[in-house]
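Take a look at the structure below.
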Amino acid sequence: MGVTLPILILALPFFMFLLLGIGGVKMSRKVAGILGILGMGTTMTLAYIVAFTYFFSGDPAFILDGVRQQFQVFDVTWLAFTEKLVVKIGFLLDPICAMMLVVITTISFMVHLYSWGYMEGERGFQRYYAFLSLFTFSMLGLVVATNIFQMYIFWELVGVSSFLLIGFFYRLPSAVSASKKAFIVTRFADLGFLLGILTLTYFTDTFNFVDMTSNPMNVLAETGGATFMGASVLTWAMVLIFTGGMGKSAMLPLHIWLPDAMEGPTPVSALIHAATMVVAGVYLVARMFPVYCVVDASMTFVTVVGAITAFYAAVVACTQIDIKRVLAFSTISQIAFMMVSLGVASTGGVGDGHHYTGLGYMAGMFHLFTHAMFKALLFLGAGALIHAVHSNDYTKMGGLRKYMPITHWTFLIGCLAIAGIPPFSGFFSKDEMLAAMFNNNWIWGAWMTMVAGLTAFYMFRLYYLIFWWEENPDYAHHKPHDAPWQMSVPLIFLAAVSCVAGFIPFGELVTWNGAPYHIHLEAPVACTSIIVALAAIALATKMYMKKNDLPTKFKNALPGLWTAAHRRFYWDEIYLFITHKIIFGCISKPIAWFDRHVIDATMDGFAKVTQKVSFAIRGMQSGNVQAYVLWYFFGALALAFITWICLL
Amino acid sequence: MDLNILWYLVPSVVMFAAGVYGFVTRKNMIAMLVSLELILNSADLNFVIFNRFLFPDSMEGMVFSLFAIAIAAAETAVAIAIIINIYRAIGSTDIVETNKMKH
Amino acid sequence: MFGNILIWFVIIPVLMMAGLGLCRNSSMAAIRTVMVVGSTILLALAIWLCVDFLALRAAGNDAEMLFTGSWMWYAPLNIHLAVGVDGISVLMLMLSAIIVFAGTFASWKINPLPKNFFLWFALLSTGVFGFFISIDMFTMFMFYEVALIPMYLLIGVWGTGRKEYSAMKLTLMLMGGSAFLMLGLLGIYWHSAPEGGELTWNILEIAKNNAVDPSWQNLLFCFTFVGFGVLGAMFPFHTWSPDGHACAPTAVSMLHAGVLMKLGGYGCFRIAIYLLPAAANELAWIFIILTGISVVYGAFSACVQTDLKYINAYSSVSHCGMVLFALLMLNTTAMTGAILQMLSHGLMTALFFALIGMIYGRTHTRDIRQMGGLMQIMPYLGVCYMIAGFASLGLPGLSGFVAEMTIFFGAWEDSDLFHRVFVIAATCSIVITAVYILRVVGKLLLGKVQDEHHWQLTDATWFERLSTVTLIACIAGIGFFPNWINETIQHSFLPIVQAIQNAI
Amino acid sequence: MDYSQFGAMLPELIILGIFLIVFLADTFSPENGKKFLTPMTTVLMLLATVAIWIVPSCGEAVFGGMYVDGPACKAMKCVLNVGAWICMLEAAKWVESDVMYYRKGEFYELILVTLFGMYLMISARHFLLFIIGLESASLPIAALVAYNKDKYESHEAAIKYIITAVFSSAILLTGLSFVYAFSGGSLYFSDIAVQITSGEMSGLLIFALTFVLAGIGFKLSLVPMHLWTADVYQGAPTSVTAYLSVVSKGAAAFAFFIIFVQVFGQVYSAAWEWMLYAVIIATITVGNLFAMRQKNMKRFMAFSSVSQAGYIMLGVMAANQLGMASMMFYILVYVVSNLGAFAVIQMIEDRTGLVSMDDYNGLHKTNPYLAVAMTLAMFSLAGIPPFAGFFSKILIFTSVTSHQNSMALYMLVLIALINTIISLYYYLLVVKAMWISADEPKIGAFKSGKCEKVALTVCVLGIVFLGLVSYVYKYFIDSVGAETLLALN
């Protein structure tokens, strides 16, 4: 494959960014919107072409006797730290990359289209599209990275574009603080990422993924068994790198920025905080998968973090009022799902064991794909609802199914998909993941099945509270209605995808080592998960379909737990305490004080002392000439005496 | 008894000390000039003594002391003139009167 | 002598001063013409030099210094007016030219006494350019002080706030630094030749016969490094910088933070480290501690400031601390990073001060608590400020990122615990930087408009746009295509690193 | 005796000649002829300077070696001449004022006499001649200080000066008398140098040395012999102050160098290195500490000149060819810088009678050129490039540090350097008053006279170009190198 298309895929969104960002001021909204959508559409088409060529062309560069290859389309030097450590900007084409290309461009295009309707009449429309293009560019650059440093570069860029988009309504203080929070938290995580890169590449002497992942044992050897505080250096490196992933993918305890990120426009949440950017962490782990597999400790770390987060987020999601926050927490929980399934996967093993070892990886990626689709769908649906009701709050909704049929049906499909009900896409991916977990250790399986159940529960709780429950009296004078076509088309499209995506033979396309993998349903696992899901849905139906006082009963049954969950177990409070009280109060302020009152004062002190001395000795100049003569005479004598004593 | 160098040096040193003492204690400018003469004379005396005792075969010390005396005279003359000026200006020759400029 | 291109970097400012001398104090137009023409010529000259230099290098001319020339000045002491540039000096000249150019436009409407202002401004730039072209310690030091002194009047007369106090403090502290520096240089001169050889002020020759007696090196290293370090805002000698910057007029802050503080870093490696390598190896740790402190310390103190210029001054302390910190790692990569950081910080902080000046000129306050939502009122300035902020917190695609990453990867090469600890501390500063930058951006540009009167304010004028665009273009340029700069610098560091290696 | 020997004393003869011409013209010219006095004298002085500079010195010792006029001596005399000439130019306006009108002849005569004395001090190679020179250089100054008959300060300054002067000459004589005891019967410098070696150091010699140092240090106003300086400078007529502060100080410095290096050079490290070390530190520091809180410009300049004397002494500390040349250069630069400052001070005092630093507030609004000149002078005194002061300072430091392995001297330089910060502070205070202070200027705009213009121009040119043009320094180095009769290493 020539370099033209790949370069265009990267260049086009960036060009659109510059065009809309600089020229946008002069453009009308219509022009800007159309330009943005066209640009994105073109990028999508190109991305599709590339992806399909990779998967189906059968070109030996891509697939060699049945094994899909990693192919560096181009790799140009950007910055050479040393002879060996050279940062390159390149385009690495391999299964996950191709898949991500599809996901990103599709969702991004849908969001572009959707936003045309949704952002109608917002100030800074052009700026909005510019930022969207910037984000798409950064995200594409991230997934096609040939080396970890390129990934870091675009990692930062997606961070900043997310900052810009969250803070799009920058007149609202809440939006500003949310964007700040998002940036700083992820930045903090990226510090870990950076240190990880430093540590790792200090030994590997290369940034390149292929070099590192092709023979991971070699990486281990290069570290020469160096250890730090008990753990091997490689473990440290991988864990630190994973920290970066935790930040972007909102794993506990770095998850706090994601719920607030919902302050941004809803399509943005759909694109960035549901489908693409937040899975960057997963993608990172998948990229470095073989190296992670070398050090079990780091894999365990990934699994544990994922498991805890998944459960935590699911529980919190059950108690949120703001529909976007519910979706946000469900996103966190789903991503944690993927983390766990990566964590339980491994490269090694033989025979029957070998059948499962790679499963987690495949399933994780599969879920990444399906989740992107249905979660984007859900968010866009939520957007349509908010657009109709002008509120994020389900208490302002209820009984909307009559008023907004399209939204209703698409939303329902999304819920079914995420709940893991066949034949919707979510079922297949989740089933594979659970299978992998059970295979690794039944505890993980059981635990995550429970989380799956919770997922089904809170999603349907949400669904019922929005579309059933009881009608909001306000509808009388303000009748909600379905969104304009620009918004409905994406909903329908994504809904369709969510229905069929499950039947994609994913194992044929994306596996950790490129060798095809034949999916077959694990009957026991599938059954349990379906049963659990159905039970959860039934419960939700019981509680929320018609207006009743069961929910309040539950709430009052365990008030402490409910409030805690509702307040997201007080993580924000903890962070506020740390930042404001500790960082600002106990470090910055004292340092600033110290600077002014100790160091600066010392410098001024020199001047003051000199002044004082000069006043103290003025008596010497008494104006009486005999005193002068005395000084003269005894000064001379003293000089003589001292010299005499010193020398003789 | 023979007069060695000390017999002459001691008085000159005494003169010097007395001169300095007078110079810094007397309030009257004329008196100060008088004590100044003591110092100068002790210096001249030294020259003569050293010449006489240490280098009897050359006359430099003697000559030098002659010049020194002349110079002393000149100095005194100028000093007196200025003292007269002061007396005209402030009607007193008291040295402590003249400390308007200080610090 | 006039055939040498470098000399013109000094002559042109002098001519500018002469031209200004002829202008009438009232005729703003004439004064501006002189300044614009002069600074444009300087910029053109710098670019020309840069191109020429790269061409020569590409042609395989591997001499340590190019365009060298040497003219006897004080024969009895063997003092020459010796000039020459390697890649680093070229880049520094470029930086200075750019900032002088931008500064001219940033102080378009200066008053009172525009003529005198630009006279001193030109003198300042004479010093700066002269410093970077000299390879003779004496002339270097002379130009160094030439660059320092105009600050007093520039701040004292055209400054704001406690200008007299700040100007005096700045001048005295910097002069204090140069007192130590001068003694260090004298010491180097008198020990510059092996027994019986001819003493010299010429840096290259001293480095060549590397004769400075080891028993003296440590003392002289401390003198010279502290001397330059004061100007490099090294903890604890940095306190001139916040007050000085806060009170200085826009263009002066730009030039001072943008270029003058770089003189410190430049001197540190060109003289202290290059000429006294043994001492550098031995004593680096002391200064690593100090500079490491100033990196974190500056960032933390910036977090709680409320005056825009103070915030920026403290972040300068942090970033310039990073420069010296990287230099002390004594390996090519880190030192290269240091130079990149100099360039990056120079441009970025100049942009910052320019914008602060423009905002202050409109709102007449620099207290972020009294401003807000300026993005709605002056979007252009707001966007520029954000770009500067992103550059400062190291956003990829802008210069800051390149510099910091190079520094970190270079610094990481020293694998002992001491270095590791300080490097990690330094890396933490990128988070703190993000904190205070976003704090400012959030309070100043975003959110609600605090003061209703601000609604009347206007956005940037053409000359303001010109000066900002110039700087942003350079920042982005370095951010996107760092490698040629990187290679140029690395090549220039070879002899210095070689000297350090030999001294071990 | 062979009168052709007088031919060797060319500079002295020239000065004497001018003296006679002025004296006769003053005595016998009619009233209206007096107005030619000033131009004539100044022109003659200029010619004299040029002549002394151009005409090659015979360079041989005459009068049995009592008198020597080598190239270095000649250079020094040129420096002094320039100083005296500028002083006269500056004084021109003042001497034309009607109180002075009938006495201006005497003014010039006294100046010329003192100048003559200083020449002798420099050229003397025998203590007798030296003393004669010293006295004839210092006594007339007392008369000059007292020149403002109707100003009380002038009298007080005069009495303070004369009393300290006579005391110090008495001390000097006493010191010399003890030196004589060691001298092996001869007061020739060279003979004494042979006799006094570090071999037999004795307390008496140290006392003698200290007294000599004090006696000459008085004219240099080294601490602690400096206390007269401020009062005298303040009280004396400004032109006399200027003359005192540069010319007589410069002459004393040269003599100091010659005597200590040539006569006591043998016991440099054994005896007077440390004395001078202490004295220099004291001088620089005390001078600065006093100067930084002065408000009266003349007092201020007095203390600044005290600390400058300390820097000048660094050249003696170096005690080698570099040291001497640097010292000469330093004094030349000091002459132009200080006289530049004094020119401004005097003009302002003449026109408005204001001498306080606060009166200079906002000077640049009314008299920009004076402000600029003053600023340059201050920068030069503070040693800031590209002005001459910077070069003179760094050169004299270079000369001291030329003792490569003496850590003590490096520390001395460090202390001196740190003191430059204080001095910079108070010099900047003046600049601040003139440029930064926002008050309404007290001093109205006024035109300056021709002579003053010339003087100021010369000073400014000197300030700007002396350093940049390295020729002067080279000339000094060469002349010192050619000075055979100075025992320099």
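Every chain is named by a letter (A, B, C and D) in the order it is written, and numbering of its residues begins at 1.
Quick note on the criterion: a contact is a pair of C-beta atoms (placed from the backbone, for glycine too) under 8 Å apart; a residue touches a chain by one contact, two chains touch by 3 or more.
All values reported here derive from a predicted model rather than from experimental measurement.
Using mean Cα coordinates as chain centres, the one most removed from chain D is A. For the pair chain A and chain D, the distance between C-alpha centroids works out to 78 Å. Chain geometry summary: the mean Cα position of chain C and that of chain D are 42 Å apart. One inter-chain figure worth recording: chain A and chain C are separated by 37 Å, centre to centre, where each centre is the mean of the chain's CA atoms.
Separating the CA-averaged centres of chain A and chain B is a span of 97 Å. Multi-chain contact residues of chain C, defined as those touching 2 or more other chains: 172. Each of the following residues of chain A touches two or more other chains: 607, 618, 621, 623, 625, 629, 633.
Those residues of chain B in touch with two or more other chains are numbered 23, 32, 95, 98-102. All chain pairs that touch, listed by label, are A-B, A-C, A-D, B-D, C-D. Only residues 16, 19, 23, 29, 32-33, 36, 39-40, 42-44, 46-47, 50-51, 54-55, 57-58, 60-61, 63-64, 67-68, 71, 74-76, 78-79, 81-83, 85-86, 89-90, 95, 98-102 of chain B touch chain D when the two sit together in their complex.
By the touch criterion stated above, chain B contacts chain A in their complex at residues 20, 23-25, 32, 95-96, 98-103.
Within the complex formed with chain C, the chain D residues making contact are 322, 325, 379, 384-386, 390, 394-395, 397-398, 401-402, 404, 410, 413-414, 417-418, 420-421, 424-425, 428, 431-432, 435-436, 470, 473-474, 477.
Against chain A, in their complex, chain C makes its touches with residues 169, 172-173, 235-236, 238-240, 242-243, 297, 300-301, 303-305, 332-333, 373, 375-376, 390, 393-397, 401-402, 405-406, 408-410, 412-413, 415, 424, 427-428, 430-431, 434-435, 438-439, 442, 445-448, 482-483, 486-487, 490.
Residues 73-77, 79, 138, 141-143, 145-146, 149, 152-153, 156-157, 163-164, 167-168, 171-172, 175-176, 179-180, 182-183, 186-187, 189-191 of chain C are the ones touching chain D in the complex.
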